[in-house]
Each structure stands twice: as C-alpha cells, then as structure tokens.
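Here's the structure we're looking at; comments come further down.
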C-alpha cells in the first residue's frame, strides 16, 4: 500500500547548513494496517508523514502509494491525491479558528464545488461519526481541545480517505481524551483504513490495535 | 460542470476578506478613493464640456467691437449693412447695452436696449417682447426690470420710476412698466430692458451708434471666414468669435486636464505599489491558513482562484462604491473643491450647475483604469502565497 | 522742457481727434431742404421711399414725362426711374458742400471716395465748383468725373446694387415691416391704390393707417406692404431639407441625419406615390443621379423619373433647387465624405466662396460630369 | 497624436501587459530550456512553481485583452467622430498605415492566446504535463506577437493626425475602389454564398464523421469565408443598402451593436473548431469543443441568414 524506497530528505536551512532529516529510509505499510512511528521530536517522524501525504518531496528515493509514484507528482496532482486519499490529523489541529465547525469540516470540499446536498450529506456523516454535530455552528476558537481535535478528525475524514495520517495526535490531550482518541482509531481501523501515526506518547506503545511500530532516531530507523 | 461558479469559494473568499478586516478596509479605502476621484473628474469634465458647449451655443457667433485707443468704443450702426452684405451672414444686429452703477445700493445694473421689431439675438428678449407692449414703452420712456432689480430699487423708494443720471449730469426719468422673471438667477438679478432710443439717451450715445454688433452665420463652418472679412473691412474692430472663446476655454481646460493626467499616472503607479506591498505582506496567521488549505488538498490553482475571487469582490465593491460616491459628490453636492480646480473660467461666467451627463462609456473607462491595475498588482503576491511550501508553514 | 512738449503733443493729438470726428461728412441736410413733391409724400424718395432730408446731400430732382416732379435720394434711384420713364427737362442735384440745388449736367462728380454710397456701393457726390470737388478728393479720395459717366456708373451697377439692397431688405427690413404691420397697423389697408412707397408712407402718417411710427419703422412697414404683401411674392420661409433618423444615404450607407449641413434629396414618383432618397452630400447624390440603378433598386431607374432634386445651400442652409444651383468644386471645405461639390443658390455667392476657399471652379448642375464626381474621391 | 482618456487607459494597460509579459517571457525561456518532468531536483521544483506564475500572467493578459479588444473597437469608433472623413472605426484604422496590421495582429493574438489557454488547461489535466515545453515555446512566440501589437498600437495612436482627412468606409469597402480590399468584390455572390453555406455543411459533416483534422481545416476556412461573406453580402442586408459593405459600421448603436455579437459568435465558433486538431485532448473535451464550435457557428449562420430573410419577407425582393 505505502512504500518508501531509499528515501533521503535534506532541509536547506541556509547555504552552509543542510540538515539531513531522513537517511536512506525504507518503509512498507500494508493496507488496513495501523502503523506507529516512534521517536523523539526531530527524529524525522513528521518528515515521513509529509512524504506520504505528498506535502513535500524527497531529496532522493521514491514514495509509492497504491502503486503510484507520488514523489514525482506535479504540485496540483499532489494536492488532488492528498484530497482524495489522505486524511491528515495535525498535532496542533490546524483548524481555521475564526470559522465555524461545519465550515472547517467542509474546507477540503470547497474546491470540488459539490452540489449542496452532497456536501451536506458528507458533513452530517462525519459530524455524527465523531460526535460534534451539536457544535456544528460554533466558532472553532471557542471549543475545548478535545472538541477541536474531533473537528480535525472529522475534517480528515470528510472525503472518506483510504489513508489516515496523524502527527502527535495526543500531544495536547489529557489522558482521558487520549484514550477516547484511541477508541476513535479503533473505529477507523474497523473501517479498513490504513492509519499512520507519528508519536512519542507511550500510550501507543504495545497497544493491541497497533499492527507495527518503527522507531526513528536522527533520520535513521532503529531496528 | 467545472466552469460553474464556485459559490463555496466565493463564500470562503468573502470570509477571508472579513477576517483581515483592517487590511481589506485599507485597500478598499484606497481603491474607492481612486475610483471616486477618477469618476468624479470624468463626470466633472463631461459636465463642464457639456455646459461649455451649451454656453457657447447660446453666445452670438461673432461679436464686432470698435476699438479706439485700445478701448471698446461705440460702433456705427451702418456697419450692420456692410456685414449683412458678406456672403454667409444670416443676420446682424446692432446691440445697445451697458452697465449702470446705482450708487445708493452699490450695485451694477446691466441695461439692454432692444428694438421690438428687430430679430432678437437672445431668446429671453423674445419672451419679454411678447409679454410687454414696447410700442407704448417707447411713447413714455419706460423699462422692464428683473425681479431682483425691482427689489433693489424699492429699497431706495423707487417704485414707479427710476431717475438715471445722464453723462451730462441731468436726470432722465424712466417709468417701470413691468417686471420679468429671467431665465437665470443672474438675469433677473441685475437686468433692465428698455427701448434702444431711451437707453441711448441715458448713455449719451449718438443716434446712429451702437455698443457692438452681433453677427449670426447659418453655417458654423463659415464663421472664421466671415470674421476675417469683417476684420478686412473694418481694421479698427475687434472680432470675437465663439470659436475663439471655445479655444480659450479649451486651452485652460486642456492645461488642467494635462496636469491631472500626469498626476493620475503617478497615482496609478502608487496605487499599484501600495497594493503590491499590502498583498505581499502576509501575517504568519495567513501563511498558516494557506498551509492548512494546501495540506487538506487545495491545489495551487484553487488558492490562486480564491485570491482572485477576493480581489474581484473587493475591487468590484470598491469600484461600485467609488462610482456611487462620485455620482453623489458631483451631481448632488456639485463637486466642491474639485470643481474649482476645473472651472477656471468662473470669472467669465458667474454661476452654473454641473448638468447631469451620464455616460456609460465613462464607467467602462474607469473600470479599465482601476480593476485590471489592482488585479495586476496582486498577481505576484498571490502566486507567492499559493506556492508556499505547506509543509514548512504549518509546523 | 520735456513736460511742456508732452502737454503740447497731447493737446495737438486731442484736437486732431476731435476735429476729425467733428468734420465727418454727413449726408443729412443741415439747412432746410427743398422738397418739391406734392403733399406729405414729398418727404420721401419717389423710388425707394427713403427719407430725403437724411440723404439730402445725394438727392436729385427730375421731371419725367407725364408725372409730377420727382425727387430721389440718390443717383441710383434716378437711374432706376429712368429705365421706365423718359426724362423731360433738366435734372437738379444737391451740391454736397453748399447744399444748394444745381444743374446736375454741369456738376463735378466725385466717385469712389471713402464716403459710402446711397443705395450703392460706390458714392457719387456732386459739386458746383471744381475747387470744392478737388478739396473733397484731397480729404476723402475718389476721382472727379462728369455727370454722364457718373450716371453711366450708376446704371451699370444698378443690377448688383439692387441685389445688395434686396438682400438687406429680405434679411432685415421685410421681417421688421411684417412685425410692425401686425402690431401697429390696421389690417385692412387697401393696397391697390398705391404704387409708390412715398405715397403709401404719406397716407400711413396722414390717414393714421398705423399708430405712431418712427421713420425706420414706417419705411419698413411701407416696403413690406408694397413689395411683399401687394406683390404677393411668396414669403420665403427658410426651409431645411428634413430627414428622419432612419434615412441612410443609398450611396455610402451613412445615416444622413448626422450631417444636416450637407443633406441633398431626390424626390421621385414610384407606384403613384411620392418617395424620396436622402444623401449626405452632393457628390453622393450626383453618383446616384448619374447611375440610379447601380446603387440598388429604389424604384427610380431614370433621371426622368426624378421630379425634384434639392440640395442644402452652403451659406443659408436652406433647401434649394439642385438643378438651378451653382457648385464649387475643389475647395478646401470638406463634407462628411471628404471632397465635395458645394452648392449655392446664387452665382455670386458661389464665386465669393470659391475665392475664399480656393475653389477650382464653379459649375452649373447640367455641367457636372460623372468623371468629375469620381475624381473627388481620389 | 491623439491622447484621449480612452487612449491613455489603453496605454496604461499596455504598459502593465508589457511588464508582466516580460516576466512571463523570462520564466518561459527558462522553463522551455530546462524543463524536465522526471527530475526531482530543486531547480525543477522551482521551475514548476514558476510555470504557475507564467500561466497566471498569461491568463490575466488574455482575460483583460478580450474586453479591452471590444473597448479598443469602441474607442476607434469614438475617435472617428473627431477625424474628418471617418464615419466609423474603418476610417480610423485606415487613417494610418499601421491600423490594418494592428487589427489583424490583434485578432491573431486573440486566437493564439486562446489556443495557449486551451493547451494549458489540457496540459494541467495530465500528470505527465506533456505540453509544458510546447506551451511555453508557443508563449515565446506569442510574446513577440504581443509586444509587436503593443508597439504597433502605440505607433498608431501616435501617428493619428486629427487634421488629416481620411477615407470613409463607403470608399474603402466599395467595389469601385482600387484598393486590395475591393478585389473580394470580384467574387460572384452566388458562388460566395455557396462557399459560405457549403463550408458550414462540411463542418457539420466532419463533426459527424469525427474527423478532427478536416473539421479544423473547414473551420479555418470558415473564418475567412465568413468575413468575406459579411463584407460582400450580409453587410448589405444589415445596412439594408446594396452598396454599403463596411464591416465596422454595424458595431455602432444605430445597428444595435449587432456587430459585436457577430464577431463574438464567429470567434467562439471557429476558435473551438480550429483547436481540436491542435490539441491532443481527451475524448470528452474534444466532443465538448466540437459541440461549442457547432453551436456558435450555427448561431452565426442563423444570425447572418436572418437579415436577408427578414428583408425579403418585409420587402418581397432581394437587394
């Protein structure tokens, strides 16, 4: 399903300072797997997620998703691929704080210009699924952290993507909310979604539902 | 169909504008000011041109004045005969008119002498002749006065008649036969009309003399030829044609428009720079927002489109607002300040209103001078925003 | 002393201005004029009706066969009358300097001086003594001739002078006379009794046919009554060629209403109905006139079917008969289509225009050729 | 020199065009020389981003150029009122030696820019972006055409002499004139109409046969034959004058601005018709383009045919 082959990624901070974020990484993730990337911050977890989501391109190597070379997609096609296949849950939720819940959830659909009815169906489905319908018209910045995360998850799922990517999903949550997030993960897994999570939260370690774990350190996989 | 208007995107663009209240407001103010100024200037120039044209149209095509020692002097009435003989002349009328200073009230009356049986050179005189019996006015020296004049005379207890002081110091009593309402404020405020003979007596003019001669030429193309011929026959005259007047007005006008155009090109350039600058300066909040949109699947094209929707909403709104404000400013409030810059000939003509001339063409013109310039200014900033690395800005 | 000089100079100048002003030659009698005609009508010229006192210094007395003695304002009116009547006896003229009646045939005439003529472009003033005449010439220029040549001049210029006078009458006097008549006079004046202006003027004043009139008004009303009303000449109403907004020139396709100063029209009968076509200039009209079939089927196929052709007179902007008009070719005035044939009602006006505007030539309607028309486009 | 606010507006916009077109030109040259879709180098990413800027600029120029073209025609009409002899835009175009070339160049540029946009939209729909090199190569040529147009426009307005007399359209478009335009009048009207309607029928036929090359060529031919037919035949019915052939006058108010409609139909119909052969688009898009072409060509034919028909019904005769 997802394959990283000999991937290198360098960040150019300035001319004389090039950071090697990833070094010759090979990862293969199967369809329907719940895959966890462990490691301290700066270990390259987020970079891997970015590459899978085609948010950035590898300096060398290939990223193949669904037999498709996403590392060479032109920008517009990368966006299309992201929109249709990836649901991204960010650490800081990355919601637009001045918009309402429903507006935030609908954002990925805006460029599609769907008929109003179809868009509403999709919206209602995810709001119900992640239990945020009661706050549909509330402005996001007035919501609690947990609610905001549910909005973010709803947004990630509004297009019914095959792959869910989560970057430090529990970093800003207390334990109770973290546990309920894991419940949501289980639900998503039941829907046969491929899930990739980057985290250093020990809560995820040795979890039943986690199929595989990899630990990254300074851009290298620790076996 | 993809080509359908994306209302979600418009809604989003509108929201985006509202979120950046101060910036949007600032840009809109500048834009509105620009279109407002531009439209106002075009409206004013259109109106003045129209007014100028209609003023010039009512003026006699040619005025012949005798010049002696550099000053305007009485002209022989027989000049009319010679002028009439020039090919192309339709009519020539010897005018008798002048100013009379009424010391008591400290005002100048303008007095016009008319002959009831002549063709009149001004429409308002025709009306006066129809309303008053000039045959009897000639019997006992009497006159018709503007309503305003009547008031002024009354204040000095001249109700039935008025005593004019002749150049030789003696008095000439002229009865007030009636009051007329002038076509303009100006006319009724200072004009007195009386038979030519009576006026000549008051001014101490010779019987066969006139103040000046106005000439009517049927074919406007011939005016300059006729004028040249009169000058040839009477080298001691000054010939004023409407064309001369028009050219001198036009010169003042072109000069001012020229300055304006120069300023305007600078203004457009400044506008471009300001917009460019404002559109380039992005807050980290905005950058993050674009990053989010790209991360959740917006294409560069989508973001560009959204930016152009924003630009279009803003510019269209500002454009309409500017035009509406200009309409109000120019036609309702008669364009204070700006009008004075353009009305260079206020001393030539005391008062006038800017007539309402609505020209769709002007609106297109203003549109082409503002909206494309604005859109051009945001091309590069929008592109920079749209091609931001999402990955870098959302972390 | 410069100051003194300046004062002197100024005095000199002012006296010069004053004297030249005072000594301006006036035709009005400064003595009691001798008037020989009978009754009230003696005040006016037998021919033109002008006031004799006013033009006393150019006036004449003559005896003609079968008439009372007649008095004229000028040699022009004398010449005019001599066309219809035979002279009987001698002619008396007023000496321009002494204002005495002298024998015209023995007088010295100053012609072409700076003084304006009475009813003529060139003045002809009579003097009894040669010295006086020479003195006059010194001051006002001109040359000295005898009566015969002065009269000859008057006769020769009679036509053009009359045309000039008529032009003025049409433009100024008849309209004024009409207004005066309508406002001031009895509307039932029987004009059949009057042949001459001074008769009518006399009766208007003595029989109170009109309310009190000033000389100018009297003259105007009398001329109007005799020459317009009695002669029953149709009052010329300045008519423009009327075009509607949808009329297009069949030749060039332009809307004609945009160029009212150049309109020309051809009227023809088609299916017993009067129809017309409008053109935005004579050149286009002539193109159609020469080849009516070339421009499409408008129901007129031959020049014979055209019953009226009108063009717009360049000067007066009136509608005039095209076939009687005169056309200037090659002038520096352009019509809406560029080079044009400029139409005029009168030949002299056409010639004047041609002089003013560098015209190449003046032609009559029948002399216009198609090749000339098409040359205009080049 | 004629400097009305309209001309000034055109000049200001031309300056903006020149400025942005130059930016796009520099970028296009870079892209044309170094584009390699397979490369994952930083410079390729940069080129990719810059291609968006170029495309945006070109879209902008085209989007403004279309209404500006109409405004330009409108301005010519307005200027014609101050020039002796001119009665419509034709006179102004004829007033200088550059007018005709400018107009032709403007029309060519409209087609080229529209073609570029079509190419771009097809290119952007394909992950391989197969036309990127081609489209920026075309833009390099289009840039020179555009600059030529801008310079020519400046020169034209600069050399208009208000006092010089020009020919009116009645003379320029007349069968008796000896200009090159008058040559078209030697074509027999029946033949011309046969060609006009015949080409239209062929267009329909090739659309049915789905032969895009023949379809495109027929459309190309249709542009020329339509313009000639309008001048020689249909114009006279619009004016209801057998001798008036001007292709400008019907842009005026007196004819209800019908000319704008005619030319817009002609442009859309033939443009979509011609491009099908030049762009290797997907089947649906080709069908769509063909459909648009057919619709507008049909509208044009109907609109033009209506004039003589209505005339005949009203008057019972042909002109």
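To keep things simple, chains are lettered A, B, C and D as they appear, and every chain counts its residues starting from 1.
Note that a residue touches a chain if its C-beta (ideal position, glycine included) is under 8 Å from a C-beta of that chain, and two chains touch if they have at least 3 such contacts.
Everything quoted here is computed from the prediction, not taken from an experiment.
Peer 1: Of all the chains, which has the CA centre nearest the overall CA centre?
Peer 2: So the chain sitting closest to the middle is B.
Peer 1: Taking mean CA positions as centres, which chain lies farthest from subunit B?
Peer 2: Farthest chain from subunit B, going by C-alpha centroids: A.
Peer 1: Just list the two chains that share the greatest number of C-beta contact pairs.
Peer 2: Top-ranked chain pair by contact count is A-B.
Peer 1: How many angstrom between the C-alpha centroids of subunit D and subunit C?
Peer 2: One centre to the other, that is 61 Å.
Peer 1: Determine the centre-to-centre distance between subunit B and subunit C, using the mean Cα coordinates as centres, and give it in whole Å.
Peer 2: Subunit B and subunit C have C-alpha centres separated by 42 Å.
Peer 1: Measuring centre to centre with CA averages, how many angstrom lie between subunit A and subunit B?
Peer 2: 67
Peer 1: Just curious, how far off is subunit D from subunit A if you go by their C-alpha centres, in Å?
Peer 2: 50
Peer 1: Which subunit C residues touch at least two other chains?
Peer 2: Residue numbers touching two or more other chains: none in subunit C.
Peer 1: Among the residues of subunit D, pick out those that touch two or more other chains and give their numbers.
Peer 2: Answer for subunit D, listing residues that touch two or more other chains: 49, 52, 124.
Peer 1: Give the residues of subunit A touching no fewer than two other chains, as numbers and ranges.
Peer 2: Those would be 75-76.
Peer 1: Chain pairs in touch?
Peer 2: Chains touch in the following pairs: A-B, A-D, B-C, B-D, C-D.
Peer 1: Can you tell me which positions in subunit B touch subunit A when the two form their complex?
Peer 2: It comes out as residues 2, 4, 6-9, 12, 15, 19, 288-289, 291-302, 305, 387, 389-391, 394-395.
Peer 1: Spell out the part of subunit D that touches subunit A in their complex, as residue ranges.
Peer 2: Within the complex, subunit D touches subunit A at residues 37-38, 40, 45, 48-49, 52, 124, 127, 129.
Peer 1: Applying the document's contact rule, which stretches of subunit A touch subunit D when the two form their complex?
Peer 2: Listed in rising order, the residues are 57-60, 71-77.
Peer 1: In their complex, what parts of subunit C are in touch with subunit B?
Peer 2: Subunit C reaches subunit B through residues 116, 164, 167-168, 171-172, 175-176, 179-180, 183-184, 211-212, 214, 217, 220, 261, 314-317, 333, 348-349, 352-353, 356-357.
Peer 1: Given the complex with subunit C, which residues does subunit B contribute to the contact?
Peer 2: Touching subunit C from subunit B are residues 78, 80-81, 84-85, 87-88, 90-91, 116-119, 135, 138-139, 218-219, 221-222, 225, 229.
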